[in-house]
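Next come two complexes, and both contain subunit A; in the first it sits with subunit B, in the second with subunit C.
Showing the complex of A and B:
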């Protein structure tokens, strides 16, 4: 499955990146293709492009705050979880994709 | 018609937020006292009646805001009295509830460390005036203890006992009134007035007489009366009124002192173990008589932040807190108390956790002092090469050795009046000579001796100075020298003789006119001639300087410069004369800020004028001791800053973090500001130039920590940043880390936690690591305890991404089991830092 994801936490110096790492690792293990955009203290990094979003089947938001440029995902199914969950139990996040 | 069955009546709704508390109650009582009639106030909720002539009865009637009260007025003048009272209630009552006067302390809100936040921790706050943390047994000075055993039964008959009660009341009333006439602030005045009103209260007197008539001794009757009213007040629903119980205890203690004939004020205080001395106020001589070795802290109820006892305590490095309400009554003699004069807190009977917190705080302070000691030996030079001399203020000769050890380049101010305080006779010339010579300490460092500065607020019995209604503008400082010429000349002679042994300078206080300087120089010349005739050695070129405290000097500096060698700015007095503000008066204290743009402009005028005349100018006042002012002081172009010795190492370090040219620019902007807030804003946005510091540092790695709780672990990490001077505000940093912690746990599982925050409370981006000997609970995502804690502290205003990228990489790596294993395994600080730098690809 082609997946796009965004991670963002209030301080933006740690949990954003831990969640991104977990999502990337788990997706790989489960055989998914994923690109994770981080919205942290350094601003938007690894930014998702329009065509990447268009080609994706689903978006995962592991966020604790309002994200920037949300309108990009208007056409896409979005699964939103707290950052904590992506860090603690990333597999469960992907299980929701089947639902 | 006296005693008519038709009393006059009136009704009113209580308009006061705190209800009829002490102040309105006493004003009501005072108002009705002038009428023959009796007034009975009824509480509509309880139906209880109170005699309106008794403030205590009014307070005890527990009337709250919005209560619909009625008053019956009964007596010959009842109609007139009722009408007048109606008018008083309508016009005046609401005004009796003036807002509480706030303390003139630091306006920035106090952030308490987590360890002290628990509601179980009893703490009283005051104004910290001499920093540090002290712990010891409470020794209450000038007070009988409340639990005093007394002889309960009347021994000489009720009449005799009643006489003793009345005598005590009269004595205490007189003493209170004497204190009232000298009261320095509105807050003090209102408290004393409330106390007098209790003594004059009808219910209070009746109660006392009733107990005596019932066969109790005078002392026992006082205790019974206190117990009666205290229980009444403490039953009130208003916390404010419950607090008033303290006033009753206070008054009754004073009465007991009189009845027992115990003049405890003059009782000698012996300290035999580490002690915290608690008192209403303390005279400088009382402070000097205490055994220094056992004196770990001072808690005073009334004392201005610039009072003499406070200046002395500061100079001696005794942690001191003033303005602690009712301290002598609240603190029980013998209990262990902590004086936290870094935060303005008194903590009695702390739990084991509180004591552990303070033990660690003391350890941290020691380590920080050690870390700063390398700055003590260095010269203070700005980043662009301008040197500023950093000197010490001292009060006695023996302090100079410690001052030099802490990095003082010279003694910028030797306050000699302490040699004269609390004595019946002036110290001999010989004694003074010894003290001045001792200050020189065999070193060839400059010692600036300020001649005796007394009068006004600094009474010295031996000079017999009259009491004045406006002491700050009165007979003080240099102005008393002509009358006490012999005493002054003996001081000058001692200084001249000491000038043969070290580099002495003499400086006169409170100079107003050039004539005074000429007179001073004439005295010195005469004494020098005399010494020469007698072949006694002295420095013929003894430099003569003056304090700039009176604004008149500032506008005549061309003339003064022709007569003196140097100037030193005394900011307390200069500021109060310039702004027309009594600093001890809390209502106007905010106006007294030394950062008011007008005052800064005034200082610039002074420094520029002295500079133009090619003379030397320093600053020895309070303003120099507050590190927040430092960029402004550097910008002024002062040659020297003189501060209490403990401030010196940190001050020198701070100077080396600023650029003179930038500070000058800041000052020029500050004096153009319209408002104080604008200056404060400028200062906040004016950062020191911190040298680039590495993100990881072996100094910030703590192995084998014995922290037992999450609170302790976080504090220990933050303290390591404080020791390394990476934060100057550890309490604020702690609060911010905890605020983040509250949002969601930073326990990321597998025994790791990464508390973090972004704030300019750190001066450099930092990672601190703590390895715990015993894992602790952290509410981690896997609910397992934590044994490695990594604190990330990033500057909020940091715009470069270099460090943020490293931290992002660190966060990602922490998701990798192998990386975690490595961090757990490496047991040497240097190894760990090297490993992290390699893994996270930090260059160099």
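Showing the complex of A and C:
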């Protein structure tokens, strides 16, 4: 499955990137293709391209704050989870894709 | 508890630590404990509408806080640096003969002035999107004008956001619709919020703020110790979670109000959990696994840069023994810092903020003692309870 994801925590220096790393690793293990955009204290990094969003089947938001440029995902099914869940239990995030 | 409940294997935790030793703001700021506790359970979004709205409220507050923290950092650090370098007249920094330092101090003051509008503006932005920014900024500005501080700014942000949200839902004819976001909403919402802040809610909140800061200034030694103990325990308890955030943002917000001791107590408490665990692994190598020893080294690095999260791998593996020990160490550090009058001008903790700390020797002493208390208590607990634990393994 092609997936796009966004992670964002309030401080944006640790949890944002921990969540991104977990999502990437778990997606790989489960055989999904994923690109994770981080919205940390440095702003948007690894930004999702328009065509990547268009080609994706689903978006995962692991966020505790309102994200920037949310309107890009208007056409896409979005699964939103707290940052902590992506860090502690990333498999359960992917289980929700089937639901 | 919340943060640690079901962590992944320790190896993962350790790897994170290594790859995420950034310098920067420690543990996530802001948030209200109650909301945090309500909404962090098990990591699932609450189904109950009451909990859902509390969860959303928390998200809006945290969005505002995440934009406001760098403003506190800029203001606190520049003003502290200018004040420290300026010549003193009667013990107070005197800028009359130091125009360049005055300039630096003014830049910091500008950042402090902007912090309230930014806090209020981005709370409103989180609630209502772009149209929320204008009334939020205006309301936050007035909160500063009437001395209603960060409480006033939070209120202004929430009121602005919900007001704009309400206006957006009003049925308007399609000829008026295009001018709603560019003319009507900014003018009407800012007018309402500005008048509310200036004439209605501003001064009662300003009154509350001044009572609160007078109470803080006049704290008796006993009460100061209790406050420091509570702050220290909160900082260590969930290492970057909602409870830690509450204490941290209280300290950070008080920097802008000119009281640096709250942040001073927090700053000392922030770094002792990872430092203490790191020291513990160095002191008695035999009771720690290879993995834990490596996590200990990473913990030391994170402790020095003021990132409480460095203790998470240990707390995740053994919460019942580790959490009480890091709480004890952090409480020790914050009490020493508070009694010694340590002030911290930056919204961050650990030895890395030493240049902007008042009473540096006491600050370092607080950190060292807190670290040693943490390390000794965990090693003692681990040694005492190691034998039974091994027996249980054998039975299992």
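In this section, the second predicted complex is superposed on the first by the 99 of 99 C-alpha atoms of A that agree within 3 Å, B and C clash if a C-alpha of one lies under 4 Å from a C-alpha of the other, contacts with A are read in each partner's own complex, and residues count from 1 in each chain.
The rule is short, and it goes like this: a residue touches a chain if its C-beta (ideal position, glycine included) is under 8 Å from a C-beta of that chain, and two chains touch if they have at least 3 such contacts.
In this text, all values refer to a predicted model and were calculated from it rather than measured experimentally.
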| item | value |
| --- | --- |
| Touched partner set for A:95, first subunit B, second subunit C, both or neither | neither |
| A:66 touches, of subunit B and subunit C: first, second, both or neither? | second |
| Subunit B versus subunit C as contact partner of A:11, first or second or both or neither | both |
| Partner chain in contact with A:29 - subunit B first, subunit C second, else both or neither | neither |
| First (subunit B), second (subunit C), both or neither touched by A:20 | first |
| Subunit B versus subunit C as contact partner of A:38, first or second or both or neither | first |
| First, second, both or neither for A:78, with subunit B first and subunit C second | neither |
| Subunit B and subunit C footprints on subunit A, overlapping residues | 10-15, 17-18, 21-22, 41, 64, 82, 84, 88 |
| Residue ranges of subunit C in contact with subunit A within the complex | 2-3, 5-8, 12, 16, 19-20, 22, 24-31, 40, 43-45, 59-60, 62-63, 65-66, 69-70, 125-126, 240, 245, 307, 309 |
| Residues of subunit A defined as touching subunit B within the complex | 10-18, 20-22, 25, 38, 40-42, 64, 82-84, 87-88 |
| Residues of subunit B that touch subunit A when the two form their complex | 740, 743-746, 748-749, 754, 756-758, 781-782, 792, 794, 801, 804-805, 807-812, 814-816 |
| Complex interface listing, subunit A residues touching subunit C | 9-15, 17-18, 21-22, 41, 64-66, 80-82, 84-85, 88-89, 92 |
